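Structure in structure tokens, see below.
Here the chain labels run A, B, C, D and E in written order, and each chain numbers its own residues starting at 1.
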């Protein structure tokens, strides 16, 4: 489910234009990989999808209704910096979402309900490779372990829209392959749409149904502040990867290719001069 | 210059053994890539090379003398988490090292000396792709930008031994290629030895003269606490890459290969049972 | 090796830590001896022996009039007031500080007023306080609350507001309501700071207690100090001051242990 | 929408912030009217008119005895004492707090003693203070210093010690000596907290000022309040208390602006 | 050896306001110059602190009541001489009851007062006069500046205090004055005392004090515009106005003429008063911890006879300086 329609989105921080005229339609159950140079506004874009920031201009429509102006349990996020709760153990971090959903007042479960949840959480921790770390606090975990914990925490909620900001950057290849497999399985099994920021082209092509590139069309230093980034490439995988169905990719992931231009359809439309408007 | 000899190094945190019997000799001007699963002790190892942590057992000898028990300007570091000074602008962050080296009392330079240093710093910032961000504070920079800033800050000191902890994980492929080129140039031009932790095999082979893998020989959960990681693979690049000389690699970096076992020389020696000693 | 990396061992730490106390004690003994040599009747810096005798009288001899052991009844009366005051102040600080820190609407409503209140010198308004609350225990406890709660509240609100925005957003994606964010995300994370803040306020709390007891009381540590101050009985005042300080330091230590026990994740690095 | 995400606009904030003040003012007016209806001679809650007349007398009529305008000479005397005290306390806190926070050896030496000192109730030791320092300005300033410096120092030491270990190590690899670490890395980063801490200590500083002036002074805000307190002249005390609070709030604001101006990088998120 | 620099402490109270006025108006300087001395006059808001400072040796002279002179500096080992008997309280101290009634109604009530002060003594004398003792009431220590506010709280049933608080409490609707110092005239005496040692070092110090006092006192009671201005200034300095100050003066028997003071000091009544005072203090344990009897401290009277231990005289009354003022050789 969960289709997204983004129309003519702009985001400015004070005088600095970060994103400009981003328009995009994301199909239900798509797995979008978002790539682009550092500092071009990918994280900012995810924040707007989450409802954490409001666009300066433009609209975001989710499943036919305007996006709620605040984050909610239908959209999950794994931030670029580790974002687990420092005061909870790994297991508690994974349990807190369902606990809060079930107990609106106490925010905690007891007895059998708690036991069942703890089992689920432990299973998920095992799947992200954190078996044995259940009772450690985040400060006692390595960077990559924290990142996996954040992923598990988010996945427990089975969000309809999952937003990932470079979630696997700090992982070694072995564990990364395992997490990729887990992600793919979950995406097949559960009706969720995923938007993932990554710097790793191979990862993008290993998981996504569609790769979108952001970039600034103007790069001269004096122009950087006044012109933002927008979509410069939009590539659908071929043959298409479809949620819930096994495709040739899942059996054997090809080595990726760094050169996006091979896939390039065409550069974005020339930016209309809006200088007079500012 | 700067050879390192590490003999029978152990590191324990309370009851947990993190590293055990690590022995290693690093030649002057080597570029060592350190790989291994998340949480196996790579960061801990770098900390000991830096002098920030002391080994539980074993010795580290640098250029014939025992490693000083505290960090110094001969060893530079870029941490896994962004580690720039939040109260200084990007330019000030890059200038602070030379400033403190030159002015032992004020820690600041003025007039012409300052001007010259600021120019050098701005040049380096430009080279790591941060032109235009000179006057921003770290909190105003994206994650990847902070990481590059940390690199520039460290490089300003021209350390003899450079320690990098996943420095390029948050960079997009374009900027990463540029930084790789910069790293390679600096390593050729300046007499420094580099130890870099990375999860990206391709990066390891693109830059290093030697790839070392850490891993835990015992993986059963009940054994994880009592047995630490050690060197399981040690691969020298062939044909050798030599500092100061152009080799075939530098012209054209081959696509990496995730499968380490192809390079494996042999598994590490079986671990002598030391249970009685504890 | 840099001075900054020089870490004394356990024994060295104890020795170093004791040094300033020894110096202070010596300075007192010398000063006292000098003044007593000048005037044997001097009351400002009594000898240790004179203080020892007064401790004997206050702590271990029943009072002629009431038959009570004064030091202990004074301590009990004061601690009751102090703890009641601190407990109430803590609850107020938690509720208002959390509301202020978490809800922008409440912050807009209350933050300026709390900032204003924290600047009002409570001692100057004592007459009003008395008339509203009477001269009994209530007004003494209230003075402590009024003196301590605004600072605790502001500190807590600052701490709550300084939590990374990402954590709040994260909690929202985990289906938390405003209440659950306050209860399960913000509250546990401000608790360690609350304890630290409370530790810093122990000194001021004792100050307000003493001020309150100086104004009207029938017993208590501050009452006794101000009563015998009339006679410059430093041989009673010094032991009482040291006793108060020891009590405060003990509470400080207890709070620190509590913090370490309850919130191990919040210990400064390297001690977790 | 969650309450937590409801952010009032600029106008709404002003209105909400004014509300508690309006409520307080109304409560006062009603209380005052009720008491005055009961007893027209009541001095506890004077009418606004009565207070206005006293403000006229204190602020804009030359004193019969000295020819000075009392409110202004009182304010000048008190502010001089307060600022001197705060300045000295800040310098002490900076030096000792930084040493404690940065050097483990100094921490071992001084931290227990500073913790002890911060718990000593200074009001109880006033006679000693006055005899050692005399009754002039020095002892009044000293009381403020003694009351404020230990807390500032502890807070600063805590802040300095909480800096990530990585930053210190990083500075060492950038050739910093212990001195340069303190000077270029730690000091600038504790300054914002120092200013915040100072803001929190404004209330206590005024308290100590008032306590010192209550004992011996010939002018000052606290002196005046205690002088007229014997007559229950609330028509002077209330305006003085409000004036003190306004002064303190103005200083608080000035410090906040200073912090924002000098240390923009340290502003809470979203305001940088 | 002889010193020329002396420090005098005084605290804000109707009978002692002349000292502040004398310092402000140059009278102190005039008399100090006359004897080649430097006299520094310091004002205290807090009476007890001024006594503490004197007892600890920081001041040479201080304003104090006869009772506190015995129980504080003298009992504290400082040999003290009363240089000037300035006035006695004739209504400045009073016992109040909330609601109607008399002294006998105090039985079983809580009485707020400054413990061990002249208020405590006044209460004891009052209770004595109706056959009660202090055991019949509960004493609650209360700070003097807060008396007026405290009286209006529900907890307070009775209160003993001094002026200016007395005048304020009198105005309150439910306050009944049931006893005051006018009923024990001459027992609560306000003095200027100096350490006997300071006087011995330089007797001119005592003369200067006497000179200052009688010049100021004469001005203070005079019916001239200067006198009115002086009273207005003293009123302002004590936090009230001329009218308020004059009301307080009315409750004070001021000795503005040295001869009157000499007569009062040398009369046998003083001995009787001090006998009452020292008995009261001994009962309260205020003549030193473990004092075996009221005789531990000797009190020397102008005639030369000594109450108590003649070998341990710590409080001396003398008419010498006042006599000199009366005779005119100052």
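Points to keep in mind about this one:
We adopt the following convention: contacts are C-beta pairs under 8 Å (C-beta built on N, C-alpha and C of every residue); 3 or more make two chains touch, one makes a residue touch a chain.
In this text the structure is predicted, and so the values were computed from the model without any measurement.
Listed here as common contacts of subunit B and subunit D: A, C. Of the two chain pairs considered here, C-E and A-D, the higher C-beta contact count falls to C-E.
In this assembly, the C-alpha centroid of subunit B lies 48 Å from the C-alpha centroid of subunit C. Centre-to-centre, using mean CA coordinates, subunit D is 38 Å away from subunit E. In terms of their C-alpha centroids, the spacing between subunit B and subunit E amounts to 82 Å. For subunit A, residues that reach two or more other chains under the stated contact definition are 70, 81. Within subunit E, residues 52, 56, 146, 148-149, 152 each touch two or more of the remaining chains. Multi-chain contact residues, meaning those touching two or more other chains, occur in subunit D at positions 2, 44, 127, 131, 164-165, 172, 177, 229, 232, 269. Applying the touch definition to every pair of chains gives A-B, A-C, A-D, B-C, B-D, C-D, C-E, D-E. Partner subunit C is touched in their complex by these residues of subunit E: 48, 51-52, 55-57, 71-72, 75-78, 112, 115-117, 138, 140-143, 146, 148-150, 152-156, 285-286, 289.
Contact residues of subunit B toward subunit D in the complex are 50, 52, 70-73, 75-77, 79, 81, 83, 85-87, 96-97, 100-101, 104-105, 107-108, 137-140, 153-154, 157, 159. Of all the residues in subunit E, the ones that touch subunit D in their complex are 12, 24, 42-46, 49-50, 52-53, 56, 58, 144-149, 152, 164-165, 168, 171, 173, 232-233, 236-240, 244. Residue ranges on subunit C touching subunit E, taken from their complex, read 39-44, 53-54, 57, 64, 126-128, 130-131, 134-136, 214-218, 223, 226-227, 229-232. Within the complex formed with subunit C, the residues of subunit D that make contact are 2-4, 6-8, 12-13, 16-17, 19-21, 24, 44-45, 102-105, 108-113, 115-116, 118-125, 127-128, 131, 147, 150-151, 154-155, 158, 161-162, 164-165, 168, 172, 177-178, 181, 196, 200, 202-204, 206-207, 210-211, 222, 225, 229, 232, 234, 237, 240-241, 244-245, 248-249, 252, 268-270.
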